[in-house]
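Below you'll find the structure I mean.
Chain nomenclature is as follows: A, B, C and D, assigned in order of appearance, with residue numbering initiated at 1 for each chain independently.
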């Protein structure tokens, strides 16, 4: 039973709290012979790193990954996986635990404080403890390794909605995504979001968002029927990200509104003699199994619960209190959820690929 | 790794195809001492049963459950669980496999036919085989037992949207749900849906739907952080239902549109001295852990892919073909998804309750 | 968490009690395209079947297997697996529950009665309920299917010790095994065991045994380090058989007595240019991974606890009682443990083979 | 699927190689509110630590444990678990990788080198990499925490056999165990083992051993039928220790030799009105469930494969070679297996206790 692990053949276990000395992950099941560098993992870490614009938390963390096991170093410094668990560690350096002392016994509205106390009878209140988004740094490290397991697959994400402001999909431009602080794919929306979020930020308020993650190059046949469905695992793994309240695949909720004729993805034989789909309402998954089309998933992130406006709450002693949450917070946690969503999709696909292909991809009886 | 099993301490394994001799489930981990009757399970089966109105498939199945193991019979005929696996079997009686012969090698658009063939190299084409909604009969049987594990919890579901026609939540009336063939909670919507679906049915078309399932009486503290979140498991288990393309908890996707002030569920001390929440945007789950509020989840079901309108496709030999899917189909599979969604929620909660409380709920060292 | 399931990619879930209407198993993860017949499964069932000689229980069960799902029937009647769960059912026909009424509240010494009551607060006392060796019929059915997954592997078992009477390994003759009621590989031991067990049987006593199971043709590379070791899974799965109290691999406990020089399996290059081992002290497994040699495991079965000699015990009300266990029992349950041990080894190897090779053995990106 | 994890509710994942920068474990599922100190964990580490006598490897490792997550520090320095994963890290400080360069492509007889290469296509040859006994340091750290979960249970171990020299159980004295370098419970055997092992050591040879581990204070009712048996998990977890080739519970293999009358553990009502067993042939487990008696398990460890005597082998290029394994090795790895066996038993019992009692031991509906 996995409280802190996800995946079956590509298994990721994360550990660590917001204000502990370090956090990290253990990736169990990574196939042998994968070549990578710490810098390649760091590339993905840096996309998620806090403090990179005024629209995200001002906590300063280098988020430097150290690989502690599961690899051999080549002469050129590259690492080769050996098939044994890859342990990766990230030190926490910029904790400010005193910011939190006044909420040690108070339940911040919208946060998990009350639920944790009811479950465990105690909690690490410093920066949200285990429920902090800092835990997701470990996911991104694991996702970096997962991408290496699937070199043929390209996994990308973008922010498609902030508050009620939704991009125009006709303007979608992947090149735009890395050229603004929002992972926004619509060049015409960037400045609008900037002004909007500046207003939110100055009010000490926050707002929700919707993220889309896609994978190109996924072969047909990944997934399994009924309770091992690829879309089910994508849903679970995206829903495990902090603050996520909804997940959809392909058409998603919009599928409820249309007819069977509109929704069916028709097929033809392409010029190269291979099957082609004429649309992708399914988001690349039918009956829980990949069809070979682009995998498309979206998830909704609620507004950051840590806000400066006073809200009604109670404390652990049963007193009514009013709370304003200080500290350094993201006005829209959805922004940094983009690289996290990509990482979760990468890990999910690596896991299903290994289920399909086996632990090592090496021959058995055939040899 | 669970292709056909879900849950950890309350584990449900289902088996069976649409046109095999029978289907069923094995519930492993049901606590000892639970008293129930086959009639009580049958009550839930009958709600999902096909052939009950003109708006669902005309296949006639009694869906009679037989309990084959895991119980002792009391003198009054009631069954008592012993803590060993409860095997339940449902015979298939109204298969018409010849209806399907012409799609044995053709891929029905919107169906999993192509994906299955790509994965397995062969498939049971009769009635969709394992990917048929008949599999869900076994889920409903398991859900009936799960409800008995949680007598304090009330689990209910309703259809809230068919196509673009959404109920008015101000009219919500639980009594209405069992008084119409749609599980519709809005008395003013029933006749509108009736006319609308009659039109869809006569065209040989289909349409999608949205279902809401709720649980009252769930104690605070169920769930676990990070990758054992209650909402994550609800999302996975609802997404595992045939044709589901989206899942949301509480405010869901609407949470993306609002501010942190609007979204935070404020708290006060109630007249009875106990904590009360002033709203339930969270859907009863914070940080993956239940808060003691009503659990609220919704899921979107795509339109039935089996339609009479001709659609473009290919066959297993690489020929382009046009397909109209005959057979007996639901014009809106979302209708019968209501009792299935309830069953999945019941099983998920029973599982998390047992994780919280242990296998047997009997004392260890304290004795 | 698996109370009633074993295996990860080839997953076997069993259900059923000694005196219920039926028992069975669900095999989840069986690859698609495996061709088999019910008669082939029945062959293995018949080896384990009760009532075949005076040395085993006189309960008469046909142990006829019905395959209820997961297969397509070919025109010649052979079944082809589709990759979906294979449900197999065996009816109980010769229960005599009244034999047991007097032990409903009494704890038979050496049995699990007391432990079950302490765990569950109630138990199915009829024929041992779930703890009866009848459960193993389902394992043998699953094992029959597992053998089909591994056509290159030959799995055999033999009884090597009854009480203090151990076979002479120099006389080992596999042909002998099926020509006596003991699965004895030593033609010179058969009559001695016959006389010895006749004595035990007439006294209403019982005796323990040691079984050896071997697998030839297992490729090198199955297993995984540390907590996914092949020998660890063999140990767990053999230990899960009723009445087993010890398991060993290769030299087993005898390895404690010898030096590193004696124990090391030296290697050379064979005439065919391939590596050969000069001995097999390891039992074909090093570091948890198969070496390509014969896999060798042994397990010890305690004497049947149901004996006619009066033994001291207590009842559920705290009274001291003396118990003689009537009913139809095996004087040496170890005999019928031979086909069960084979089945468990077959399932374990099929599971590890699929971990190695993947769910379907079909190509992913290579296509 | 767990390559590097064991346990279900008390889950231990280990990582690290012999010659990497560090090794460690993540304990997921440790209940909240457990109070412990790093020094208490260190106490168990020190018992397993290398270099403590001339009878074990001369590698010098402080084996200092650092707790990186899952705890809050009390003012007195004690740590309190929060219910989130406890990550523990141990640095490697005394690697001498050059000792191993000459076996980089040679397969040491009795080692897992050949099997690893066949499985993974490459391996970390330095000090055995992941298959080194250094991995067990992480198990002992986890075991130290497991003991804290079960304060009522006392877990102890002893070495009962080295080579053919077995202790006299009539001399058993627990106080003796910590007063000699062998964990020997028989004061009369100590000097004999000392002379014997000095001889083995001087020859550059090695020898096997048998370890017994016991647990007192385990309540009745832990374990689960069929494939979740307590003895099955003990067997698996002990068999997962490096070099273990056999496991037995209670009478173990000796149960094969005796009659049902001799083997049955009779019961009576004790002077305190509670059930008492008159013997413990079962080793405290019946039908997979604890009886409330002392849990007794033994395991056999093969002789260290690293020996100075030249043995025949091959290399990765298919050449025949003769190998003497230099480096610093234990003449009898069985000695240090005592604290490791204790740790595995502690973790197994903690896991089953939590299955029985639930994650947190806190009330659900009752509150």
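Here is the rule we go by: a residue touches a chain if its C-beta (ideal position, glycine included) is under 8 Å from a C-beta of that chain, and two chains touch if they have at least 3 such contacts.
Here is each chain with its UniProt name: A, B, C, D = Chorismate synthase.
Keep in mind that what you see is a predicted model, and the values were worked out from it rather than measured.
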In terms of CA centroids, furthest away from subunit A sits chain C
When A-B and B-D are ranked by contacting C-beta pairs, first comes A-B
Distance between the CA centroids of subunit B and subunit C (whole Å) is 37
Distance in whole angstrom between the CA centres of subunit A and subunit B is 27
Expressed in whole Å, how far the mean CA point of subunit B lies from that of subunit D is 45
In subunit D, the residues touching two or more other chains are 1-5, 8-9, 14, 83-84, 119, 130, 221-222, 224-225, 355, 359-360, 362
Contacts from subunit D onto subunit C in the complex sit at residues 1-6, 8-9, 14, 107, 109-112, 114-116, 118-119, 130-131, 135, 161-164, 200, 205-210, 220-229, 231-233, 235-237, 239-240, 242, 245-253, 255-269, 273, 275, 278, 281-283, 285-292, 300-307, 309, 311-314, 318-320, 334, 355
Listed in rising order, subunit A residues that touch subunit D in their complex are 1-5, 8-9, 11, 13-17, 20-24, 26, 28-29, 32-33, 68-70, 72, 80, 82-87, 89, 119-124, 129-130, 359-360, 362
So, in the complex, the side of subunit B touching subunit D is made of residues 1, 8-9, 83-84, 152, 219, 221-222, 224-225, 353-360, 362, 364-365, 367
